Amino acid sequence: MSSNWGNHIKLSIFGESHGPSIGMVLDGLPAGEPIDMEQLRAFMDRRRPGKNRMSTPRSETDEPHILSGIYRNHTTGTPLAIEIYNRDTHSSDYAQMDHVARPGHADYTGHLRYCGAQDPRGGGHFSGRLTAPLTAAGGIALQILARRGVSVGAHIASIGPLEDQLFDPVSLSAAILAKPGQKAFPVLDDSAGESMQQLIETCRASQDSVGGVVECGITGFPPGIGSPMFDGLENRFASLLFGIPAVKGLEFGAGFDAARHFGSQMNDPFTIQNSTVQTKTNHHGGILGGISSGMPILFRVAFKPTPSISRQQETVDFQKMESVVLSIRGRHDPCIVPRAVPCVEAAAALALLDAWMEKTK
Amino acid sequence: MSSNWGNHIKLSIFGESHGPSIGMVLDGLPAGEPIDMEQLRAFMDRRRPGKNRMSTPRSETDEPHILSGIYRNHTTGTPLAIEIYNRDTHSSDYAQMDHVARPGHADYTGHLRYCGAQDPRGGGHFSGRLTAPLTAAGGIALQILARRGVSVGAHIASIGPLEDQLFDPVSLSAAILAKPGQKAFPVLDDSAGESMQQLIETCRASQDSVGGVVECGITGFPPGIGSPMFDGLENRFASLLFGIPAVKGLEFGAGFDAARHFGSQMNDPFTIQNSTVQTKTNHHGGILGGISSGMPILFRVAFKPTPSISRQQETVDFQKMESVVLSIRGRHDPCIVPRAVPCVEAAAALALLDAWMEKTK
Amino acid sequence: MSSNWGNHIKLSIFGESHGPSIGMVLDGLPAGEPIDMEQLRAFMDRRRPGKNRMSTPRSETDEPHILSGIYRNHTTGTPLAIEIYNRDTHSSDYAQMDHVARPGHADYTGHLRYCGAQDPRGGGHFSGRLTAPLTAAGGIALQILARRGVSVGAHIASIGPLEDQLFDPVSLSAAILAKPGQKAFPVLDDSAGESMQQLIETCRASQDSVGGVVECGITGFPPGIGSPMFDGLENRFASLLFGIPAVKGLEFGAGFDAARHFGSQMNDPFTIQNSTVQTKTNHHGGILGGISSGMPILFRVAFKPTPSISRQQETVDFQKMESVVLSIRGRHDPCIVPRAVPCVEAAAALALLDAWMEKTK
Amino acid sequence: MSSNWGNHIKLSIFGESHGPSIGMVLDGLPAGEPIDMEQLRAFMDRRRPGKNRMSTPRSETDEPHILSGIYRNHTTGTPLAIEIYNRDTHSSDYAQMDHVARPGHADYTGHLRYCGAQDPRGGGHFSGRLTAPLTAAGGIALQILARRGVSVGAHIASIGPLEDQLFDPVSLSAAILAKPGQKAFPVLDDSAGESMQQLIETCRASQDSVGGVVECGITGFPPGIGSPMFDGLENRFASLLFGIPAVKGLEFGAGFDAARHFGSQMNDPFTIQNSTVQTKTNHHGGILGGISSGMPILFRVAFKPTPSISRQQETVDFQKMESVVLSIRGRHDPCIVPRAVPCVEAAAALALLDAWMEKTK
């Protein structure tokens, strides 16, 4: 198995980087939801390759073709399928690399798992390109959630050692969440963003790459949704987010920092504000016992540096079982993090909608 | 839904902190596996409360009663059910707290989710006590994995600001993994452990609590197991680990630190050692593309401080909708981390066995 | 895997015929539902063995012990676990039969599936006794459905060649559905029931057994619930009903008879009655496209004769690989059908509640 | 939810009768399996419409376009996606029928379920046309099973009152199974087939339709595969087969006839033949306790008459809430059964492959 997800909505993703097309089927959506295709395109455009020099020069329009599930611009409630064509493929770039393991990639593990039958071109089904259908699915979910008052927004929290501001965990609002996504480089503090872009450019020039962290915030999600143990909101976010290539860490609220502190510091006192129960601080990140508390939901996702770098690397040919020196050709992002921001929002939206679609009465 | 997990094995956990018993059903196990009950008891004993002054004085023998699935000391292959009695319950401790939200707990969110019908005594189904059946299930999985050459071991990586050594990600061995679990306080460096215990004792004395990080390592897991996207090993670990109360973060391999570095630093060069493909470093934590690489698997789990502290805290009575000052009675651990170590091993074992039971041919 | 079921509620059944206990965990229930234990016992009593000479002389009180999920007589919404003790076990009856395949039983197939590690005593996990926890789960579901206006009732439609009346598919009512279950022998026509009982008694006397059909009806289930293709109501009923041992056939509405007729005969004309859309006839059995139509839901389940008969039978010892003549000892029902009636109602209730708990907006 | 299925392989079907295309994603396949596209086309051609006067004049080539999962003619092991274009759609046939419930169809129940947002053209997602991707998926599964020695074949057992021979449940062979599918009209006894075709032609002439039964047989499936209770082979077959529109009944082995007989007649004596355990008769239909016995697997599926008939029918406009007389235009099969034969084989193959892919050690 690999690419199925969900309890109350079901997502099935298909495709390979250099096949005819990639896509997804999303089942279990509420019926009668208007879908704005322009808005979906604009959202998907935020992760689209080829827009500027910071990302791979591979150019794809990534138009989402609706195959089913939308009729007269509304969801039908039956499976919604979207296909995205692969057009700008340079498979010859990969011709001689079938059995040379690119460090940091799944070439070797994929070869073992699929007994050598996997599609190796451009990483095949392991390619970061598979986040395009994930983003399409999430873009649909975002529109459905927005109609219910839920806002989802993410930004680049750090690139290498350079840090953006973080969201204020108590006063976060839909207006603040919307801002980073409207910028060409999705940060809160544009001067930090400038430095980050320079660092990424330096990486490109030095044939290197760099990692980073994405912070995601959610407001308007009603309290009392989710479940304890394995169907908690954290589990749902996690089960999707670790499906995005290069994700190596995830933390909610104070996260790893909570582990360094005392209960008297980390417990968020409850208080009554505007006749509703809230917390004065928000170290818990909006989730207690797997269930939303009504406070902003906050998490951070760590991305490792793009493993595809064009400088020479030591590796092995696992068929000949001999050492080789590899220079990766092909077109790659020196930093995947800017394009990952909408992917994180998409995953968040799918997790939230799945929890929303759990009937409790 | 809440307490069901698994694709190829299925775990169902039941019970409340102060009900007659807690337990679990584990379906899909291989048949004919010898189960050593003494070993299971010894494993479960590592998380048992009441052993020393560092944990809650609640005393439970936590004997795992086999209801089904084991015949003549071997798994039958049909559902294995284990029941653990609750004996030392002091429900009166919670009598007046039905509608007072303990900060950092799920009292309020659980009340909303279950419309006030949840069992509030001792946290009910949200209690950390529910990790006992998780540990029982994981203890079974550990024995089955051990027979296949897989070793799982965890230790306390940090308590508050105090740090243990970390596992060496390349030279990790079954022998090293086994050591911490044999100690009363599961660390690699006993002098660090001494300081940690003093800090925990200080927390108890000051009516406070403290968080920490658990590091888990796995050796002997064959390369080529797992799947891309949503059924990757990381996703499976995550979907279980975030079911352990108080877990707020999770990272694999270099984790969040990878996000601060460059590709040339983080890519692990492949090499041939003893006629097998290995990596010279192990920043990837033994998993590439969701699939095991054959290198040691490594992850770290962040636990927030125990939210139950006996010093006075501000909070609200969410029925009367008024502010109250709360002093939590009851018996609680000033630091949950030492007892969480076998829970993390248990969750790891279940995730690994689930992946192992995925047929690929 | 074996004994897990459900999409929106999750059922996990455990136990073996001669183990310490059998039981089930039911997760995903709505919270705050009052559960009447007397009513549950009365329902379970309808399938309990040892009540009269028509069933096995094995005597079990089959008291449902609530382990979790009910607090102050209401569902908590977290997993509901029930344990039923096995008391009157005569395992010595099975001592020498470990490798002799009882015809019509799963001894041989179970041996292959579980490599000889299965619990063979009394059929182990394959025993009809495992319908006790199914009935417990269904009894809970029935109470929840009743509160929503849904009635479920079944009766013996035939024993061998002897037939009861069938439910009227159009005028069926809750009052009619309730009647058979109140009788010691659950039929509509008591004179037919008398003949059936005589036939069963004749079977016992001649060391034989006999099969039969159970018809189940449902009223009050709202129209518009269910889904097309694989999550249709028929699929849900079927996936549970074929889990009851000895079930070999299932048909909805006109069923196999519809296959012998013409469209002009089988199409049910729609009409307006009491301002609601209804059908004049009900050959469709209340389900169209997997979705309830508002008409009574009707299906029939075929049970093969109890395979345990005490007359001599030819078979093989599959360990020694030689022919043997078998005389089954032990205590068995000459006809399982009367006790199967509440099991069918239980399965129906679980399928309906699962569909009810699917959120569509 | 609606159109997702499977435990060890995962099938997701999408599309509407008059949308741009229909298709499916099949995940969890073994890697490296050669797929013969000619053979797949030939198999799908058996259910294709427009081939002769007995089926709907709608003409579709139904070419299966591979979008992913096949590389160099072998399965990759990652999701296999197939798209089938809808070309010959006459949506105007349905223009005025949006709120008129066609008797025997899901128009009314679908309207309720999806709040009027469903695609009504040609039945939308409820259309029998959705069996094309099911057949594509099954055709892939059949090729994988054939390589493992498993043969699946079905034939028309009856049309209305007219009956074909049945498969011999003991001596059934791959050669016999293959024959009906090679004929234009898939029966065992061609003279019975002639009469059936005349009956179907009479139905067309009289603007009526007729139902029938399909019998499916399987040989070469190894003994010991499957599981008790809810993951039994019967449950798996059933959960797919009731997803085929118009299926109203299903029976295994002796089925409903077993319910009319005695245990001494229905128990199949075990015997040793060619050093393997077999049964002398096969009333159990090759499945005991949900697990294959090694004997031929046999089941029968009842199809109601095509509900679309062109003679006038009484019904209602459920928007105006008034009675109307309906004459269905559009292009429809007077008998769906001949085209359903490969659909039943496809469903059988998917259920078998799902069970095959369950790892037990």
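For clarity, chains are labelled A, B, C and D in written order, and residue numbers in each chain start from 1.
To be clear about the criterion, a residue touches a chain if its C-beta (ideal position, glycine included) is under 8 Å from a C-beta of that chain, and two chains touch if they have at least 3 such contacts.
None of these values were measured; they are calculated from a predicted model.
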item	value
Shortest contact path, chain A to chain C, counted in steps	1
Chain of greatest Cα-centre distance to chain B	D
Contact-richer chain pair (by C-beta pairs counted) among B-D and B-C	B-C
Between chain C and chain B, distance of the C-alpha-averaged centres to the nearest whole Å	38
Separation of chain C from chain D, taking each centre as the mean of its C-alpha atoms, in whole Å	26
Centroid spacing, where centroids are CA-atom means, of chain B and chain D in whole angstrom	46
Residues of chain B whose C-beta touches two or more other chains	1-4, 8, 13, 31, 77-78, 113-115, 125, 228, 358, 360-361
List of chain C residues in touch with chain B within their complex	1-4, 8-10, 12-16, 19-23, 25, 27-28, 31-32, 65-69, 71, 74-81, 83, 113-119, 124-125
List of chain B residues in touch with chain D within their complex	8, 30-31, 77-78, 228, 357-361
Touching residues (chain side chain D, partner chain C) in the complex	1-5, 7, 13, 101, 103-106, 108-110, 112-115, 125-126, 130, 158, 160-161, 203, 208-213, 223-232, 234-235, 238-240, 242-243, 245, 247-256, 258-272, 275, 277, 279-280, 283-285, 287-293, 302-309, 311, 313-316, 318, 321-323, 358, 360-361
